[in-house]
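Each of the two complexes below includes subunit A, the first together with subunit B, the second together with subunit C.
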Partner chain A sequence: MRKKNSIMGMAFFAPALILLTLFLFLPMLLTFGFSFTDYFALNPELTHFVGLKNYLDCFKDELFVKSFLNTVKFVIIIVPCQCGGAMLMAIAINHAAHCKKYFKVAFFVPVVMSLAVVSTLWMQIYSPEGILNTLLANFGIDAQPFIHSAKQALPSVAIMSVWQGMGYQMLILLGGLQNINPALYEAAEMDHATNWQKFKDITLPEMKPLCVLIFITVTIGAFRMLVQPMVMTGGGPDHSTYTIVYDIYQTGTVNWEMGLASTMAIIFTIFVVVLTIIQNILTKDKEDK
Partner chain B sequence: MRKRLLCLAGVLFALGALTGCQKKEVNPGDIAGYDQGETYLSMWVHSIEETEEGQAYKASVESFNEKYNGTYFADIEFVPRNDSGGGYSDKVNASVMSGGLPDVLTVDGPNIAAYAANGIIQPLAEISQGEKDIYLPSIIEQGTYNGKLHALGVMESSVGLYYNKGILKEAGIKVPDADHPWTWTEFLEILEKLKPIMEEKNGYPLDMTFPVGEASIYYYAPFIWSNGGNLVSEDGLTVDGYFNSEKNVETMNYFQSIVKNKYMSEAKIENLFESGRAAFKFDGAWEVNTIYGNYPDIDLGVAPYVVSDDWDKGKYTPTGSWAFAASSETEDIEGATKLVQWMSGVESGIRIWEMSKTFPSTYEAFENIDVFQTDENYKALYDQLSNYGHPRPKTPVYPQVSTYFQEVLESVALGGKDAQSEMDKLVERMNAKLERYTRE
Partner chain C sequence: MLTKKQKRINWVLVIFLLVLSIFFLFPVIWMLANSFKPDAAITADMNSVAAFIPPMPQGNFFENYVTIIKDTSFLRYMGNTLFYAAVMIVLGIVVNGLAGYALAKIPFPFSDKWLLIILMLQIVPTETVITIHFLIIAKAGLLNTVLGYVLPMIVNPFNIYLFRQVFVSLPDDVYEAAQLDFCGPVKYFFTMVLPMSKTVVATVGVFTFLNVWNDYLWPALVFTSGDLLTAQIGLNAITSNENTTMGQTLAVITMITIPVIIIYSLFSKQIVEGVTSTGSKEG
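Right after this comes the complex of A and B.
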C-alpha cells in the first residue's frame, strides 16, 4: 500500500519536477558552469574555460560595483518605507469605521497594474512640467529635476516603487491584524493600556511571523529591481539608478556576454542568500534559539 | 496500466520540450503552396504579423512565392521583439547555440558586423553591380562587412533637423541649402539669437535629449563624422585613438556648450517642439508624419544637419535600419540571396512605405512614391539620405560602442564631466571586449 502511494505521489510530483528541472534547476546549474567561461552568445563555439577571471573582473569593474551599491541603496530606502507604510495602512484600514473596502481596493490597485505602466505614469508625474512640480510651485518651491538628476533619481524611483508595491504587503498584514484574538485587546483595556502599549505588546508580537515574511520578501524584491529604472531612467543619469539585475540583463542580452552575466548572477545570488540567512537569524525569536 | 501511460506521457512531454528547439523538417505539401520540386526557404522577421510592417513582409513573401513558383518556396515566421530588444534576438541567440537558424533572417543594421564576425550570417551570393546600384549607397555600405555584401535592407531611415518656420521667420533666420549646412559656430549663434524669443514662449531654442538606447548614437554620431572623427577604426577592431580622439572630445564639448548655455532643457519636456515652444528638434523621419497628422498648426521645415566648422563635405548624416541576411546554416545561398533581394527590392520598398510609412531603400522606390517628389520636407530627408547618408560604426562590439556613446554624451553634456577622461575610461572597457576578436 505504502509503495503504491509513493508511486502515485511521484506521478503527481513528476510533471512539476520535470518542469522545474528543465526551467529552473538546469538553468541554475548551467549559469554556475557558464560563470567560469567566456561564453559569448553569438559564438558559443569559441567558449573557453577562464577559471575565476570573470569573478575578479566583476569586482574590478567600477560599473558592477556601482550597480551593486545602487541596489543596496534602493533596498535601504525601499525596505523600511514599504514595510512601515504597509503596516500603517493596514492598521489604518483595520481601524477605519467607513469605506474599508474602498481603501483596500484603492491601496491595492497599483499592485495589479503593470510595472511598465506605473513607471510610465510616474515619469509624467516627475516630469519638469508634471503634476508634482506644479504642486511644489504652489508652495513656492522651485521645480525639481527628480528622475533627470543623478542625485534625485534613485530616491525618486524608490518612492515610486514603494507606492506601487505597498498594497500587497498591506493586504497580508491586514489579514494578520484581523486574526489577532480581540480578547487580548479587551484584557489590555481592562489594564488601562495605552494605544502604543497595545501596539507594542500585543499587535507587534502577534504579527511577528508575518512581519518577518514581509521583511524578507520585500528585501528580495527590492534587490531584484529592474523594470522601474529600465523604463524610467534607463539606469541613468550617470548610472545613478543602474541596478545589479539591470547590469546582468545588459551584459547578457544586449552585449551577448553570457559568461560574465552568469558570474554576476551567481555573485548576486550568493549575496542575497547570505543576507536572507542573516535576516532569518536576526529575526528569530529568543525562545526559538 | 494507467500508471505506465502516465509515465509515458511525462517522458514524451519532456522529450517534446527538449526537441522543441530543433530546426523543423518541412516536406512538400506540409504547407499550402509548397510543392514538389521547390526549394524550401525559411525566414524569420523581427515583427508581429498583425502590424503594418508584418503585413508588408507577408505580402512580399507571397509575391516572391508567386514569382518563383516551381523553384523556391519561402516560409515566413514572425518573431515578436520587445522594446528593449529581447524576444527576437533571444531566439536568434538560442538557435546559434542549438542550431535551427532559418535560411534568411532580419538583422538590425548596426549588428550586421557582429553577426558576420561571429559566423551567424554569411556573405550573399554574387550580385551584379547593376543589381547593387538600385540601392542607396548607405544600404550597400551598411550590409558590407570585410569587403563582402552580407545584407540588404528594405527600409532606410534618417533623422531630420526640424525647424518651426514661424519662429525662424520671427527671428529673421534663413535656412541654408543642403550643400551648405550651418556650421557648429553658426548654429550656436542662431541658438543664442533665438534664446530670448523662446524664453518669452516659455521654451528653449532646441528640443534635444540624450536618451538611453540606440537613439543617441543614431542622432548625434553625425556630429562626430562631420568633425572628421570616428568611433572605431576601419576594420572595427580598434577603438583606442578613435573613440577617445581629440576630435571627439571637441564634439562632446560642443554638446556640453549647448547645455551650459541653456539652449536646451536638461530634462526632457514632452512635446516641446510640437507645442511651438522650441525652434529646432532632432528626430527620426517619422516626425514629419506625426506633425502633419497631429500638429497641423506647426509650419514644419527640414534644415540640413549641422556640420562641424572643419567639415570636409564628406558623408555624415544618420542612416540605418533592419536588413535581410542569409544565415550561415542555409544550404542554398543562391536561393537565400534571391529571397533577400526580393524582400529588399523596389516592389517591397514601395509596399513598406505604403503600409508602414517607413522609407524604402532603393532609388526607384523613392522615385515611384509621390510624396518624395511633391513634399519639400520628405524630399529634403530623401536628398540628405541619398547624398550624405553615413552608416553607424561597423564593429563586432557595436552594442558597447552605442551604449558608451550615450553614456559619455550624458556624463559630459549633462553631467559636466571631463570628456577626455570619460572617453579614456570607456575605451579601456571596450578594449577588453575586443580581445575576443583580436587574439590569435
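Right after this comes the complex of A and C.
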C-alpha cells in the first residue's frame, strides 16, 4: 500500500519534474557552465574554456558597466519614489472617510495596463509636441525633449515606471494598514497619544515587514528593467537607458554570444538572490521577536 | 462620531486625493478621449480642455477602431493570446496542481527535499535562464511555434508551492474513502481535489492569464514574425508602422487593455486577495 502510494506520488510529481529539469535545472547549469566559456551559438565547435575571463571582461566592457550604472540609477530613482509614494497614498486613503473605493481603483488603473501599453502611451505623452509639453507650456515651461535626449531619457522612463507600478504597492500597504488591530489605537487614545506618536509607535512597527517586502520587490523589479526602454527608446539615446537585462538579451539572443551573456546573467542573478536573502533575514527577524 | 477638527482634516484629505487622482489618471483619460479622434482633431484639441473630452458620438465615432480591425491582424493577435492563455491555464493547473498535491499528500522518496528546492527556485529570476530557453527552443526547431512558446512557461515553482499550501489542509479521510470507492487517485484529483479548492485554482488561473496577456520578452523572442504573434508583440509591430496614426495607436492600446479590465472586474476579489496575501504570507 505504502509502496504503491509512493509510486503514485512520483507519478504525480513527474510532469513538473521533467519540465523543471528541462527549463530550470538544465538552463541554470548551462548558464553557469557557459559563463566560463566563449560559447558562440552560431559556431559551437569553436568553444573554449576561458576560466574567469568573461567575468573580468564584463567589468572592463564599457557598455556593460554603463548598463549596470544605468540600472543602478533606475533603482535609485524608482525605489524611493515608488515605495514612498505608495506609502503616502495608502495612509491618505486609509484615513479618508469618503470615496475610498474610487481612490483604490483610480490609483490601481495603471497597474492593469501592460508595460508595452504604458510605454506606447507615454511615448505619445512625452513626444515633443505632445500633451505633456503642451500642459507645461501653460505654466511657461519650455518644451522638453524627455525620452529624446540622453540626459532626460532615464528619469523620464523611471517616472513613468513609478506611475505604472505604484498602485500595486499601495494596495498591499493599504491591506496591511487595515489589518492593524484597532484596539492598539484605542489604547493609545486612552493614553492621549498624539497622531505622530501613534504613527511612530504603532503604525510603523506593525508595518515593518510589509515595508521591507515592498522595498525589496520594488528594488528587484527596477533591477529587471527591460520592456520600457526596449519599447520607448531602444536603450538610447546614446545607450542612456540601456539596462543589464537589455544587455543580457542583446548579447545572448541577438549577438549569440552565449558565453558572455551567461556571465552577465550570473552576475545579475547574484544581485537578485542577495536581495531576496536580505529580505528573508529582515522579515524573519521580526517574526522571532 | 468624528470631531469637528477631524472632519475638516478628512475633507482636505479627500479633496487632495481627488485632485491627485485626476493628475494621476490624465494619461489614461487622454488615451481614451483621443482614441476616438482623427489626428487633426487630436492636435487641434491639444491646447484646450477638449484634449480630455471624447468627441460627440457620430457615424465615424469608432473609425480608428474599425481601421485597426479591418486593416491589421490585431484581432487575430488578440485571439492568439487568448488561446495561448487558455492552453497555459489548463496545463499550468494540471502540472503544477499535480505536483503540489504530491508534495502535500502523497509521500514519495525525498518529497520533503523537493519541497525545499521548489521553495528556493522561486528566487531565480526568469532573466537568468531566458537566453538558454531561447537556445533550447531554437535548437529544437520550435521557434515560431505555439509549442515552443508554451513549453518553458508551464511549470512554475511559485504555483506548485501555492497549490501545496492549500492542498495540505484538505481532510485525509475523504481521500481514504475515495480509495475504498475504487476512485483512482488521478480521478480523485480531478473530481474532488480541484473542485474543493476553487479559490486557489481561480487565483492561479487569473494570474496565469495576466502573465500571458502582458508578457513581452519571451513572445518577442519566440515569435519573430507571422500570424502567431501575441497582442503585445503585435501592438509593437502595428504602432511602429509609419502609416499608423496617433489616434489608431491609442485605439490599439485601449483595445488591448479591455480584456484585462474585464478579468480584473470579474475576479477583483481573488486578485486583491492574491496581491495582499503575498504581502502577509511573506511578511
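Keep in mind that, in the parts below, the second predicted complex is superposed on the first by the 254 of 289 C-alpha atoms of A that agree within 3 Å, B and C clash if a C-alpha of one lies under 4 Å from a C-alpha of the other, contacts with A are read in each partner's own complex, and residues count from 1 in each chain.
Keep in mind that, in the parts below, a residue touches a chain if its C-beta (ideal position, glycine included) is under 8 Å from a C-beta of that chain, and two chains touch if they have at least 3 such contacts.
All values derive from a computational prediction rather than experimental measurement.
Q: Have a look at subunit B and subunit C on subunit A after the superposition and call it: clash or fit.
A: clash
Q: Under the stated touch criterion, which partner chain does A:253 make contact with: subunit B (first), subunit C (second), both, or neither?
A: Once the two structures are laid over each other on A, A:253 reaches both partners.
Q: Look at the residues of subunit A and decide whether subunit B or subunit C touches more of them.
A: Touched residues of subunit A are more numerous for C.
Q: Once the structures are superposed on A, label A:40 by its partner contacts, choosing first (subunit B), second (subunit C), both or neither.
A: After superposing on A, A:40 lies in contact with subunit B but is clear of subunit C.
Q: Once the shared chain is lined up, is A:267 touching subunit B (first), subunit C (second), both, or neither of them?
A: neither
Q: Thinking of the overlay built on chain A, is A:15 touched by subunit B (first), by subunit C (second), by both, or by neither?
A: Touch status of A:15: both partners.
Q: For A:157, using the defined touch cut-off, is the partner it touches subunit B, subunit C, both, or neither? Pick first, second, both or neither.
A: In the superposed model, A:157 contacts neither subunit B nor subunit C.
Q: Answer with first, second, both or neither: which of subunit B and subunit C does A:245 touch in the superposed model?
A: After superposition on chain A, A:245 lies in contact with subunit C alone.
Q: Between subunit B and subunit C, whom does A:212 touch in the aligned arrangement: first, second, both, or neither?
A: Touch status of A:212: second partner only.
Q: Taking the superposition on A as described, I'd like to know which of subunit B and subunit C A:86 touches: first, second, both or neither.
A: neither
Q: Using the touch definition from the top, say if A:236 reaches subunit B (first), subunit C (second), both or neither.
A: first
Q: With the two structures fitted on A, what stretch of subunit C runs into subunit B, 26-34, 152-160, 206-214 or 224-232?
A: 224-232
Q: Common interface residues of subunit A with subunit B and subunit C?
A: On subunit A, the overlap between the subunit B and subunit C contacts is residues 7-8, 15, 22, 41, 124, 129, 230, 253.
Q: Per the contact definition, I'd like the list of subunit A residues that touch subunit C in the complex.
A: 5-10, 12-13, 15-17, 19-20, 22-24, 26-28, 30-31, 34, 41, 92-93, 95-99, 102-103, 106-107, 109-110, 112-117, 120-122, 124-125, 129, 131, 134, 137-138, 163, 168, 171-172, 175-176, 179, 209-210, 212-214, 220, 224, 226-227, 230-231, 245, 248-249, 252-253, 258, 261-262, 265-266, 268-269, 272-273, 276, 279, 283
Q: Across the complex, what residues on subunit B touch subunit A?
A: Those residues of subunit B that touch subunit A are 3, 6-7, 10, 13-14, 17-18, 84-86, 89-90, 93, 96-97, 114-115, 118-120, 211-213, 265-270, 399-400, 403, 407, 410-411, 414-415, 425, 432-433, 436.
Q: How about subunit C: which of its residues touch subunit A in the complex?
A: Against subunit A, the touching part of subunit C is residues 2, 9-10, 13-14, 16-18, 21, 24-28, 30-31, 43, 46-47, 51, 94-96, 98-99, 101-103, 106-109, 111, 114, 121, 123-125, 127-136, 138, 151-152, 154-155, 157, 160, 185, 189, 213-214, 216-217, 221, 232, 235-236, 239, 246, 249-250, 252-253, 256-257, 260-261, 264, 272, 275-276, 278-280, 282-283.
Q: Which of the residues in subunit A end up touching subunit B in this complex?
A: Going through subunit A, the ones touching subunit B are 7-8, 11, 14-15, 18, 22, 38, 40-44, 46, 57, 62, 124, 127-129, 145, 148-150, 230, 233-239, 250, 253-257.
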